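What follows is chain A paired twice: with chain B in the first complex and chain C in the second.
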Partner chain A sequence: MAASMRLLFRRVIRLSHRNINVTAAGVSRGSGCCWGPSTCRCFSDAAGDSSTHFGFETVPETEKAKRVYKVFENVAQKYDVMNDAMSLGIHRVWKDMLLHVMHPQPGVQLLDVAGGTGDIAFRFLEYVRSQQERQKRRASRSMQTPSWQDISNNYSTEDVVESQESRAVVCDINKEMLKVGKQKADSLGVSAGLSWVVGDAEELPFDDDQFDIYTIAFGIRNVTHIDQALQEALRVLKPGGRFMCLEFSKVTNPVLARLYDAYSFQMIPVLGEVIAGDWKSYQYLVESIRKFPDQEEFKGMIEDAGFYCVQYYNLTGGVVALHSGFKL
Partner chain B sequence: MFRLLTVCIRQLHSSSIKFTDSCYDGLYPGHIHTTPMQKALLAVGSGVAALQNPYRHDMVAVLGETTGHIALINLRDRMRSDPEGYAVLTERPRIRLSTLDLNKMASLPDGSFGREYVRFLEDNRVTPDSRADVKFVDNEELAYVMQRYREVHDLLHTLLGMPTNMMGEVAVKWFEAAQTGLPMCALGAVLGPLRLNASRLQSLFTSLGPWALQNGRRSRCILSIFYERRWEQDLDDLRQELNIEPPPVTLGATNRSST
Partner chain C sequence: MFRNVLGRLVTEIVHVHRYANKAHLIQRVTPAFVSVRSFTDVKDEAQQPFDASLLEFLVCPLSKKPLRYDADTNELINEDLGIAYPIIDGIPNMIPQEARLIQKDTDSSTTPTQG
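Let's turn to the complex of A and B:
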């Protein structure tokens, strides 16, 4: 109850202080982006109070969520294939790095927001399982001569331990993405400790202080109000819990930046058209990356939300940044 | 009077708000700007995708759009020099379920163009709405020419008397390649026969193929015809007017097997 009241209160304050941040449909640096000047932007007077960016387009805030939903509804079936094609498989390395930095121990509760097709959740469960096996091996090595009591304990607690401990909740606003995720889980035969929940990152359907780790991988730039999503992350984490975010960020090296821009704007929409039959969704993707704040700015936003010990790691020269913060 | 005016303006304003989704950033609805580099990549990518999976009609469409610039210009010029073609270019008719009155056409006498077209749609179980929209042509008029070419394809099947099985499609492709010069048609014409069995290949190369090529070359530009005004015309009469001979071999319809 108190949580929802707090949320409402915060919202009211935010609405009254809102600055209209209209970003013009700027042209990207370097070559490539051929979107002409924003001559035909349809202004809806119904929600005319504030607008936000949808890629390089300016849209009313109320519309952004709807359009993002449609984008992911369209791409859900080919999402994983496209990820592999666009990043040449490197996205797997980025996600593995996230798990490596996270280093979760058995018994930990994970909330993966915007987790859609379940990549992080599957990796988490596998990591925890291998950790558990390692612990067991270590324990069995140290017990060279176990007593009958120890042996019978081991047999009885084997299965019980797994189901009581590590749990991964995948939360996504988009039902199509969750559907694809569930199908993947079924085909991999993973079901223990995994749940799928439809929810909005700006208003999570969970109580306070529930989770040890909150992750959001390549999802937060699609959220209309990032600060709200960060507040919600703070709320649902237990004290001592960790917030981790993987997201596309700014490339610092100028040579790499030009290559990256050229690749993004020339190649990725073409791949989207050829593989998924959808140019516009992937045009949105590369534009939304450019609109997201850079590493330092995002670090500031996380600190503003109330997290401590915020730091970031640049991956692949800054193409992706892994931000981490703690709730204390 | 004044009140009426303000009401009208308000209605227009609100209707423009409702059309926010159709508000487009390009030369025509569905147009996507592309750099020459992107067009080249699209041409290669769509070509590979279409070869791997010939049922990806959208890839065939993209291949046609990205490689057909010169052919489209030629077609547009031919249409302009023909009085009926010029009328088509200015009035921009579209062949879609929403614009056709199929019931009325079905009630026309047998042997008339409209009746035979409806029969073709029924026999082969196709609909005129299955054509993809043009996206990558950077000229509004040429985009219409491309769209018209796609929509006239089914009418061409009727005119040539070809069904929609592999054999019929290859024959139509040969005709189109000779007529339009679109690289996508030429590619389809070359690669299509690879999926035919030996006896059909023989039939293609001895009778059907040469007939298609000859007629493609000598017939009047098929895009220049205002088909929407000719449903009542007798089919044979129309063929004569267009300088198309009837097919040497009659092929059965709805033969959906691949060869």
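Let's turn to the complex of A and C:
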């Protein structure tokens, strides 16, 4: 056991060295290109073949989507188990907070992008159903002694209420994640008002002004062009619709930040290897969290896309930020 | 006293295990019956209701035009661009790269990539 732990430690050190080397190489390559004699060629190359980050690595943009797809294809089966292990179950609290802030009323249409295994969609349907029951209970309590007039009115309005069914559409670019989600739904017996679609967040297969709420939970940092995804969100939302985004963000407290970094880089890939048998995917996860803009910067990006009343809530000391904006 | 309790626990666990094994077998047997009887029903059900409700707001991601559901090939077809999006396991695949070109003479498997 000690030998395997030693091996794991060596792997950690080797991988962290590799990360430092890669970033150094990336920087030197970039600066060399700018100052070289063939600047014209350099510019045209940069324009046609721009690169982005994949964790701490620099990859061409066309590559990123493919690599992200592979990451999630590999982890799909163990995704929920890993979430519980890595966040010690706190991810459930984060998602419940999202629903509480959202406070959806019955009859509302939700689009959950990068919804994968459907956590948000399930919670949404449950919340709306409990809201409906609360409303019914409240209505029946206030109508303990109805007059004949009230009873006859009740009969006519019952059908109207039923037609406003709330619906949740789960959209994800990865088929494997959706398959896992659909299996979960079937085993839970939840299928009314739930739809599954394979789609790209940068090019949603939905018409304009369709949804009341657009959520993207822990998915937007994997999108290659975040501004395009934000613009698509604006497009498919109805006027008055709400955009909500849960994402890992910058920890404000320096002590907590140190602990969080240590935990991220040393525990999480190890957990990934032990539980899901995939070190690299979880290395990508913690690196992509570091590359994502912080709360204020992301708030600026959402405002640039055209959302109003943008605000964010820090959860767990800034480990996760819940951003919300409205289409007005 | 504890030995009694332990003894009882062990026998209970053994009973539960045996029951669990039997239940496992029973579960394996019944799906076979269910699937034989209603194989086609289940297959149709998995695809028909999903599409009817989805078609209301599903459009082609490239042209944003509504789609037509084709029950024979189980695809969503965009007439203007001549492409078909496959439906796998009841989940429509709306990625432009995965769509199929519908040519009048032949149908190739390559697709129009977005610009």
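To be clear about the criterion, the second predicted complex is superposed on the first by the 261 of 328 C-alpha atoms of A that agree within 3 Å, B and C clash if a C-alpha of one lies under 4 Å from a C-alpha of the other, contacts with A are read in each partner's own complex, and residues count from 1 in each chain.
What we mean here is this: a residue touches a chain if its C-beta (ideal position, glycine included) is under 8 Å from a C-beta of that chain, and two chains touch if they have at least 3 such contacts.
Here the structure is a predicted model, which is why all the values come from computation and not from measurement.
When the two structures are aligned on the shared chain, A:175 is found in touch with chain C, with no touch to chain B.
Using the contact criterion defined above for the overlaid structures, shared-chain residue A:88 touches neither chain B nor chain C, since it reaches no partner. Within the superposed three-chain model, A:280 lies in touch with chain B and out of touch with chain C [touch as defined at top].
In the superposition on chain A, contact of A:270 is made with chain B only, not with chain C.
Once the two complexes are overlaid on the shared chain, A:198 sits against chain C while remaining clear of chain B. Looking at the superposition, the partner that touches the larger set of chain A residues, chain B or chain C, turns out to be B.
By the touch criterion stated above, A:255 is placed in contact with neither chain B nor chain C. If you check the complex, the residues on chain A that touch chain B are 31-32, 34-36, 38-42, 44-46, 63, 266-267, 269-271, 273-275, 277, 279-280, 283. Listed in rising order, the residues of chain C touching chain A in the complex are 50, 53-54, 57-62, 64, 66, 88-96, 98, 114.
Partner chain A is touched in their complex by these residues of chain B: 13, 16-17, 19-20, 23-26, 32-35, 37-38, 41-42, 45-46, 48-49, 56, 58-59, 62, 135. Partner chain C is touched in their complex by these residues of chain A: 167, 169, 173, 175, 178-179, 182, 195-200, 203-208, 210.
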